[in-house]
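Next come two complexes built around chain A: one with chain B, the other with chain C.
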Partner chain A sequence: MIAYLLRRALWTLSVLWVVFTLSFLLMNAVPGRPFGGDRGMDPEIEKIFRARYHLDEPIYVRYGYLLTDYLRGDFGISKTLRDFSINEIIAQGLPVSATLGLLALLFALTFGIIAGIASAVRRGGLVDHSLMAVATVGIALPEFVVAGLAIIMFVFILPWFPSAGWGSLRHLVLPVVCLGLPYAAYIARLTRSGMLDVLSQDYIRTARAKGLAPSTILTRHALKGSLLPVLSYIGPATAGILTGSLVEEKIFAIPGLGIHLVESVFQRDLTLAMALTMLYTVILCLMNFIVDVLYKVVDPRIKLDA
Partner chain B sequence: MHKPLLQVEDLRVEFHTDDGVVRAVDGVSFNVAAGETLGIAGESGSGKSVTNLAILGLLPRPPARIVGGRAMFDGRDLLTLSQPELRRIRGRRVAMIFQDPMTSLNPLLTVAEQLTEMTRLHLGHTPRQALDHAVTMLEKVGIPAAGRRVHDYPHQFSGGMRQRVMIAMALSCKPDLLIADEPTTALDVTIQAQILELIRDLQRDEGTAVVLITHDLGVMANLCRRVAVMYAGRIVEESSVDELYSRPHHPYTLGLLRSRPRLSGGDGRLRPIDGQPPDLSRLPSGCAFHPRCPFVVDRCRVERPALLPTPFEGRAACFVSKEVAAAAEVELD
Partner chain C sequence: MTDAPVTAAEKYARLLAEAQQVRGTSLGRDAWRRLKRNRAAMIALGYLFLIGIGALFTPLWPLQAPRMVRSDRAFAAPQFQPAFTQTTTWIDDSGAIDDDAVSAAFGIRAADDPKSGWFDAFNRQLLRLRGAIFGRWEAASWCGCDMLGRDLLARLFWGARISLVVGLVAGLVSLVIGVSYGATSGYLGGTVDSLMMRFVDVLYSIPFIFVVILLITVLDDPEVKAGLSSWGIENRITIFFFVVGAIYWLTMARVVRGQVLSLKQEQFVEAARTIGCNRRRIIFLHLVPNLLSIIIVYLTLTIPRVMLFEAFLSFLGLGVEAPDVSWGVLANEGTQSITAVHIDWWLVVYPGLALGSTLFALNFLGDGLRDALDPRLKNR
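And now, the complex of A and B:
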């Protein structure tokens, strides 16, 4: 297990290194002056940037400097947000975005799994048909449509929630639900088909032949196996929620990192864009790492040295 | 004679599928006495599994529908029991082992978890007692280092060892009846003999009655005193093993005996039965076996023969059973 964790950690680090290198090269390949904007840069700022990012040195030296900075956890400075270091921007925005993202993931898992199990157990019934209809719609609709409908419904028609902002529980509800909904829907379908697949297995018949109660069979013999596909989906779901949060943060005016990432791209704030890209990559890699390890804990058939 | 432990009468099971109604079991009756081993033989698709799954209420409903019959066990009809009542019988009084030990054990639970949940439920064992009992059972079925292996997962065992685990699990509550549905079909030939021997030894030691289902008549000879042969959802012949092997009264039984590899005698060739087993949703008129039967007479095409006693304490469903028996005696001698 230790050896496996080490190997997996090494792999994750190499992925991060590749992403870092590619981002660095892309950043340098952007047309125009290095770190320059459309209208050029304030000479004052440009001087600071020249010094901070060693812009007079050849590219491989700059690469070395930047890599060292990142390894030390110093993400440098931004040309658009001059009052803060990028580290300060992240320190402000990350808790907000992480709260939004994690709650959305939690919402998606909880509702998706419960709905999926209910559908599978009542297969072919009214519960199944209505839940799966909702799920199909939930998967098909783009985030901004869901968010738009939700705002019309629960802000204007039924004034239950504020339309935008951050700070209270009531602010959280709509963005979390809108962000998590497509993933809840997909997880519901995954859970349902996983559960139906497991329930048709020979070993479920064995469990019934042993005289176990249906609830025991469901929880002890079927649940684990039926959630394996959901577990593998957590990686992609995290990636989706990360990008989805860019849209939701914009719609609901949430002071997270998403807005900074979008703005940094529009403003050609390359140092900020690169820092946030790396941050999102780290989060995604971390999630995949956790999922991989969990998968091996749940399914003993998977060899650790594979 | 003892009152039978299990008495199945006129069991009828249908499957309602998109292609129509499949009569998988069509009026099957048999008895099993306490401590006895009954063999049920027949080609695959003849309704052996469905018969026994129906008795324990294990068929998927829908599509399965039990349309008639009784299965008396200990004075009660299993077919009319409620699910909670049935659960107290399953595993506790009647246990079952299945064909494929690779898929019949839960791959995500250890052997210990799968064995102990049963005795904790039915015998009220504490976790400690249940684990000790599980180890004892694994030792009994010949699993080496049982104390350690009990914590392994099914995939860490070979096919034969897994079937031993299944047997240990099935017998762990000392059931009165063990239904073994083709317990060796999925195993290597050398392992098959070991598993059958194990079932026989345990059956003798524990006094458990056994219903042994197989499509291989050869397997039966060593284990059973009585054998029922099924064809197209019906029992076509039932008699003692000795009788069945030397003087079958149904042409289908004779066909099965001919198609069995033998070490000596005959010309050494395998002779499979001509033709295919019938489609159960479109059964032939009269005797379901008549299109494949070398002894067929006109009556077979229009009238279905009843299962009637033979002169030798067996039962056979054939209009020309005397001729079959005479021909068989000459051929199988």
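And now, the complex of A and C:
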């Protein structure tokens, strides 16, 4: 187990290193002007920039400096937001984004698993068909269109929720549901097929023959086995929710990290964009790591090689 | 058993006659027969065909000009009364077409423009044909108007052209990369194979969306742009093709490799090797045609993902550049224009419908094709 964990951690680190190097090379891709154009840059910021990022040194030296900075957890300074370091921006935005993302993931998991079990138990029923419909809509419509339609429906036509902002529970409902619903539908379908698979196994028949209550069979015997496909979907779902949160944060004006990433792209603020890219990559890699380990814990049949 | 005993020769002759009556069926025909029985897939196919024809011959339809700005009717709601009006401005009563007006209103370059290519000529011909058929008639704003008073219906049609081309070309790029990579890796096998597949594993774990955002930010720099246009790359879409192609080939490579691993044990590969075919010939002439079914299926499932990605980039303002439009751009403009003051639902609903229905159809077609080409995969 420990050898496996070490190997997996090494793998994660090497992926992070690849992304770092790629991003660094991209940032320095503009010939003669590292980190993009100087045009319109505040002269004061430019001076600090030159010193901070060692712009007078050759590229491999800068690479070393930046790598050590990142390893120390110091993401540097932004080109456009002069009163904040990138670390401060992250400290402000990350809790908001994390709340949004975790709630959406939680919503997707609980709602998806419950709905999946319901539709497996009543195959071909109303729940089953409506889940299918929601899942296909999630595949076929971009997040911002779904969010736009939701705003029109539940903010303007039916004035139930505020259209934008952050702070109260009511602010949370629309973004979390819009962000999580497609994944909830997909998780429901995974649970459903996993459940149907498990319910036809011999040990379920045995449990039934012993005279256990149907609910006990579902929760005690069938559930764990049917959740394996869901577990392996958490990785991709996290990736989707991370990118989706860029969209939702912008549409619902939520002061998280995503909006900073979107803005940094518009302002061509490459240091900020790179720091946020790395942060998102770290989150994603961590999530994949956890899922892999959990997978092993839940299903002992899985072999321990990376 | 009532027949008189037959000789062996007679028996074989009868068998032969019977065999000649049986018509063999090719794999493709068999799959087509199965696909025809799948109603959802056939509807999807028909719909995609219509959309494709509609987009290809856009200038022929009596639509308004997609770039005609009319501030007097900004955010005008859809209207159907009257359904058609005689109001085109780029064509006069004698049927002559004003080239300058056309290039401003449609973005079709005039014949004397040095940048004008075969596609502009094609569009001009269609416009001329339209003038001959429909005269000065054009459709009213059935889908409403956007913030500059441009007709949404026309913009949807012109956007369809770009959205579909983006999906197709980027899908094809990813297909070429994925198939060559996967087939090569699978056929060579051994250390090369495991090295190539490890590389794919690494790429798989990189969250490319963020890297692509960074990449396009860098490519948007004026200086880089100037450098690129000296290479003949004028447009962000061109870059998009390569970027997407470079990301979405991973699944294709894995699938193709798995298929090649089992195919290369077959006797026809051995036969090809015996008559002295080299590796490249075996891979691309003998193996790849046998992968066609799986390639088509993955292509129909990759295109929707690519189109969604384009929409996502358009939302970030990194997609198709104005004055060009795509469905993603239109849907984004619609979402941006939502305010409490006026609810311009048509600006969100119609682009969403166009994008959604097409992606729906592609998904249905892909699923149908998968079932038709490989019945064993069904219900898996």
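Following the convention adopted for this analysis, the second predicted complex is superposed on the first by the 285 of 306 C-alpha atoms of A that agree within 3 Å, B and C clash if a C-alpha of one lies under 4 Å from a C-alpha of the other, contacts with A are read in each partner's own complex, and residues count from 1 in each chain.
By our rule, a residue touches a chain if its C-beta (ideal position, glycine included) is under 8 Å from a C-beta of that chain, and two chains touch if they have at least 3 such contacts.
Note that the coordinates shown come from a computational prediction; the quantities given were computed from them, not determined experimentally.
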Fit or clash between chain C and chain B when superposed on chain A: fit
Touched partner set for A:221, first chain B, second chain C, both or neither: first
First, second, both or neither for A:211, with chain B first and chain C second: first
Chain B versus chain C as contact partner of A:78, first or second or both or neither: neither
First (chain B), second (chain C), both or neither touched by A:300: first
First (chain B), second (chain C), both or neither touched by A:163: second
First, second, both or neither for A:271, with chain B first and chain C second: neither
First, second, both or neither for A:97, with chain B first and chain C second: neither
Chain A: partner with more touched residues, chain B or chain C: C
Which superposed partner A:246 touches (first chain B, second chain C, both, neither): second
Three-chain overlay, closest Cα atoms of chain B and chain C, distance in Å: 15
Contact residues of chain A, present in both the chain B and the chain C interface: none
Complex contact set, residues of chain B against chain A: 56, 58, 87-92, 95-96, 98, 100, 103-109, 117-118, 121-122, 153, 155, 166, 169
Contact footprint of chain A on chain C as seen in their complex: 202, 205-207, 209-211, 213-218, 220-224, 227, 304, 308, 311-312, 315-318, 328, 331-332, 334-335, 338, 340, 343, 345, 348-349, 351-352, 355-357, 359-360, 363
Interfacial residue positions of chain A with respect to chain C in the complex: 11-12, 14-15, 18-19, 22-23, 26-27, 29-33, 36-37, 136-137, 139-145, 147-149, 151-152, 155-157, 163, 239, 242-243, 246-247, 250-251, 261-262, 264-266, 268, 270, 273-274, 276-277, 280-281, 284-285, 288
Chain B-facing residues of chain A, complex: 201-203, 205-213, 216, 220-221, 224-225, 298-301
